[in-house]
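In the two complexes below, chain A is the common chain; its partner is chain B in one and chain C in the other.
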Partner chain A sequence: MNSIVKKRLSPLRKGVYVNAALLFLLIAVFLVGCNVGQYRMSVGEVISTLFGGGTDLGRVILFEERLPRICLAVMVGLGMGMSGVVMQDLLHNDLASPGTLGVSAGSGLFVTLYVALIQGNGSSAVLMPILALFGGLLSAGLIFLFGTRRKQRLQPTRLIMTGVAMSSAYGAVSTFLMLIIDESRLEFLQRWQSGELWGTEWEYIVVFAVWLLLFGVMTYRQGRVLNVINVGYDVARGLGVNVGRQFLYLSVCAVALASASVAFGGNFFFLGLIGPHIARRLVGTDARVLMPASGIIAGIIVMLADMLVQGLEFLANIPAGIVVSVLSVPYFLYLLMRS
Partner chain B sequence: MNSIVTKQLKVGYDGNIVVPSFDAEIRQGKITSIIGANGCGKSTVLKAIGRIIRSESGVIIINDSDMSSMKNKDIAKQMAILPQTPTAPGTLTCRELVAYGRFPYQRGFGRLTKEDKDIVGWALEVTNMGDFADREIASLSGGQRQRVWIAMALAQQTGIILLDEPTTYLDLAHQLEVLELLKQLNENQNTTIVMVLHDLNLASRYSHYMLAMKDGRIEVYGEPKEVMTETMLEHCFGIDGDIVADRRSGKPMCLSFDLVKNDKSD
Partner chain C sequence: MERIDGQRKKFGNTKKFTVFMAVGAAALVAMMFLFMRFGAENVSSADVWNALFAFDGDNFNHIVVRDMRLPRLLADIMVGVSLALAGAVMQGNTKNPMADSGIMGISSGSIFAIVLVMTFLPGVSRLERIAFSCAGAAVATLLIYAVALMGRRGITAERMVLSGMAISTLFNSVTSAVVLKDGTSALMLKYTAGSSANTIWPDVYIAAPFFVAGLVVALMISRSLTVMNLGDDVSKGLGANTKLIKLLCTVVVLVLSAIAVIIIGPVSYVGLMVPHIVRYFVGTDYRLILPSCAVLGAVLVVFVDFLARVLIAPLEFPVGILITIIGVPFFIFISRRQKSDAFSG
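For the complex of A and B:
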């Protein structure tokens, strides 16, 4: 062997380091985020309060106000970011997102139905995500039904086109419902649609966390399969992957991850597009490092957006989703122009 | 000794049967090329054997076991298939792509073992892609790209490799390069190679056996000198061609040809 051969960092190892750095950044933003708001707390104070010290007021503000919000922000990002990677890899399309298979419109419709017909403020920790998941899966299922033909092979373009058509149909029904409901319900829905982090009760957070952990692990375990599918369905089949079954399994996981984020956080689908896009530039294509990186990046973006909403007077009461868009659209366009 | 045996294999798309009943024995350790006009079912048969498409009925036996009773991963340890013009995400490096060939052997998270890494390194060397190992696929030329894909199939460490038109979109020199590589593999590793080839003369030059198809059926199957005949050219391709011996290889080749006169238009 040639001894001058340069020892190159493998893409996987590099990805692990980048993820570690991102995680560090996430924690830093998290701590700073605990600091933002009317009541000032230093990072040291935040940390001591987290571990049981600090003042009573500090504890109330941190544990009742800030922590749940920030946890929710991170989790919404993680769910959307991971789900986006799965969708893009499965469909071989960098423009795919959890919204592509009609998840956004489908879960949106069910949440709208629930709010419009049953409960005005949508306050059911268990029912909301389950409805959103059901709506998302139902919509994804219908898209599969119309977008594939029996005994025919998977065609991503066809699925995406069907998704576009179905989404507009769902959207129309949702809009119709919103026209006929009363003011308070309408306001909740409008804020939900523009991406307000609303599910900030601890009971929601716990349900969300368990959900995210469950489907996160289920998805992440298939990272290697996702890599191979991303190279091509035929190549994956040749390598011994049951593409049909894995496609179904991974879509359900992606829909589940996105639906929970939709249910608790609102409409943050843009994260499912931009998270993977930025992450891909940092860690490459390997899903095993891309999924966490994309989730963490999306989490950081939501936290930053929420910090702006909390910290800047003129942004008070503006849903974080709007800030996410304002923040990331220019950056996304810049990335596209450069590539 | 046969690597692949098919019995009454029936394949089609969308209920249209393309290949009604395909019975063939593919010899172990030989290069076999499947030839035929567009739409004759040659790719379809290859894909069905490589289980990229499901066959309607019939039996496929590889290395003496019925494929339907084998696990996907176990099949992938015995037979690799390279689809026609596969595309990989551009940012993937050659080494990463070749390492995917180890997929059937991995479990869980899939860290590469020392053995995996050695095999990947070997596959890159054999295909002459060692110097490009850490380059991104997008930066490669067409010929290099094809060699990386072949390296991936090699990393799968199978006795059988199926290839669907491995020379498509390559210029003459690179076509030869790919076929020379396959020939070397066949000679050095005793790999059974089955490929669909468009170019009859290259098929004749590099194959031990040729299988000519017409309308989903086998027209003639044998050594190049038995298959490369004027009758076959007329039946399978609708051309009136001259078969001569290649000055270099001595194998039969089709020198010049015309469309068969009075051909029913179809």
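For the complex of A and C:
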């Protein structure tokens, strides 16, 4: 009897359970993450400090140092993970992601321009994600312009190739900018490009959270549409979906989610690709459970990377993005070999 | 007999090749002259001539030409030839039209090795640095081959590009970790941007023997490369030792790329662009392609470095950045031209 019930468990139901488990894991890692660093705090201490207890020193360290960093790490992961799912579903290709499509490089170029030419160390909380969004959208537009042909089917791999090429062009321009600026800005930009979680002021965190919530909900609401589009453009059209319009809407949402992550967290190149892959193995292809799962998994990855950087002596002072890249490149190569 | 002649015509166009080489050589000489004459300071034609053939150690212009522009010019030529040949050999060897030592991540392996050495063993000689550069390139190449060989079915051009991108990301990440920890970012950035501005004579002397060796071996294997491009079965039937040729190709590619990185830093897209342009003119025979690539590669890098020096003189662009800006549209153009069935990802 029991086994039949198990068999009847719908993929969606299972996905919800897996998501709940992942969320639990996220909270666990979060609490352990609060514990990593020079000053030791037990999990119990962390919890009591979070709810107003604990020592003064503990409160300062937790609320001024660790908490913003960990929150940022989670949110960067959420943004990149969700954005990756949307891009992969829209293009029917599991190699699509903000990184491989060159969208995050486009966002990055605008942030670089802003830091290099206008502001010393990127201190405007609202302007940064907006500029990043603008750069990401522009870049996505260019990639579509160059990567598609009229009267031909959309070819995702061609878009990705265009994205890779455009990324290297943006990279060349930022390198040139970095050559002509002073050393402190240079160091900031270099760290930011390698994925240093720099936006750890509460001001940034709040802006980021609102942004993420807004675009996250806007994206999530279209989960069913995304599922239908993932089956096929023609199928979606047959079911009465306005494919062109939804495609545009979802692309903008995906770029927005990725852009804010890039603006505050820096470049996490493969995160938006790895998150959806792992999530798909756990919850299947339904976007309604895949999106949160992918975001949570990417969040856990960034938190773990940050914990390594904070906790291990020989990794100290290295941007967390580097750890993520070093860990995710082998996985990416493995995916390439298998597919 | 007639049939063979007919085949030959289709196969490679010797007449076009002669014209291509003549025009290319003329262009190269002209570019070399312009390169030495113009720059942050313009030198008269007579001074250029005298600096080369009647050198006067007290004449400032002569010193500029002989000790600053000439080594840089030779460096650019070596880099152009190396990268173009490496690209052509790689494209022939892997049958991948998008192959390029920069795009495939070989240069990033070299850079990584060089940065490691410069950080942890600051006293090493130029010669040892070349050895490390080759070692780094070899590690990257091994990774590329591992991905290509272990793929379930033959790996497509675009998957190759993606794996190259991943390998570059891996090496670049570790490189930036080392640089950021060491606090030498400004110094390293100048190097990784790809510029020949600081080339001095010893750089040229040390790199030259490796460059010449790579060049000679590349030209020697051109015939086998042509045969191999007919397909593995055909070339085996014709008695070619495909394994040996593939190995030789690989070694040539990594030595030439490593030399280019040592001299100028990582420069992508030369190895992609030049063979494509050359093939358009001279056909598919590698005996004609490789020499043409050498000439065109030299012309391209010298020309772009000339632009890099005069466009915003007395400042200058790193030549690697300008080449990337030119190369990206080219890359997109080629990837658009690829047959769509190859793109069913």
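By our rule, the second predicted complex is superposed on the first by the 300 of 339 C-alpha atoms of A that agree within 3 Å, B and C clash if a C-alpha of one lies under 4 Å from a C-alpha of the other, contacts with A are read in each partner's own complex, and residues count from 1 in each chain.
Quick note on the criterion: a contact is a pair of C-beta atoms (placed from the backbone, for glycine too) under 8 Å apart; a residue touches a chain by one contact, two chains touch by 3 or more.
Note that the structure is predicted; figures quoted are calculated from it, not measured.
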Partner chain(s) touched by A:100 [first = chain B, second = chain C, both, neither]: second
Which superposed partner A:165 touches (first chain B, second chain C, both, neither): second
Which of chain B and chain C A:149 touches, first, second, both or neither: both
Which superposed partner A:186 touches (first chain B, second chain C, both, neither): second
Greater chain A contact set [chain C / chain B]: C
Chain B versus chain C as contact partner of A:312, first or second or both or neither: neither
Contacts of A:117 with chain B and chain C, given as first, second, both or neither: neither
Touched partner set for A:228, first chain B, second chain C, both or neither: first
Interface residues of chain A shared between complexes with chain B and chain C: 149, 152
Interfacial residue positions of chain A with respect to chain B in the complex: 8, 10-11, 149, 151-153, 221, 223-224, 227-228, 230-232, 234-235, 237-242, 280, 284-286, 288
Contacting residues of chain A [partner chain C, same complex]: 93, 95, 100, 146-147, 149, 152, 155-158, 160-162, 164-166, 168-169, 171-173, 175-176, 178-179, 183, 186-187, 190-191, 193-194, 269-270, 317-319, 321-322, 325-326, 329, 332-333, 336-339
Partner chain A, residues of chain B touching it in the complex: 13-15, 47, 50-54, 71-77, 80-83, 86-89, 91-93, 95-97, 100-101, 103-104, 106, 108-110, 134, 156
In the complex, chain C residues that touch chain A: 98, 103, 143, 147, 150-152, 155, 158-159, 161-163, 165-167, 169-170, 173-174, 176-177, 179-181, 185-186, 189-190, 192-193, 268, 317-318, 320-321, 324-325, 328, 331-332, 335-336, 338, 340, 343-345
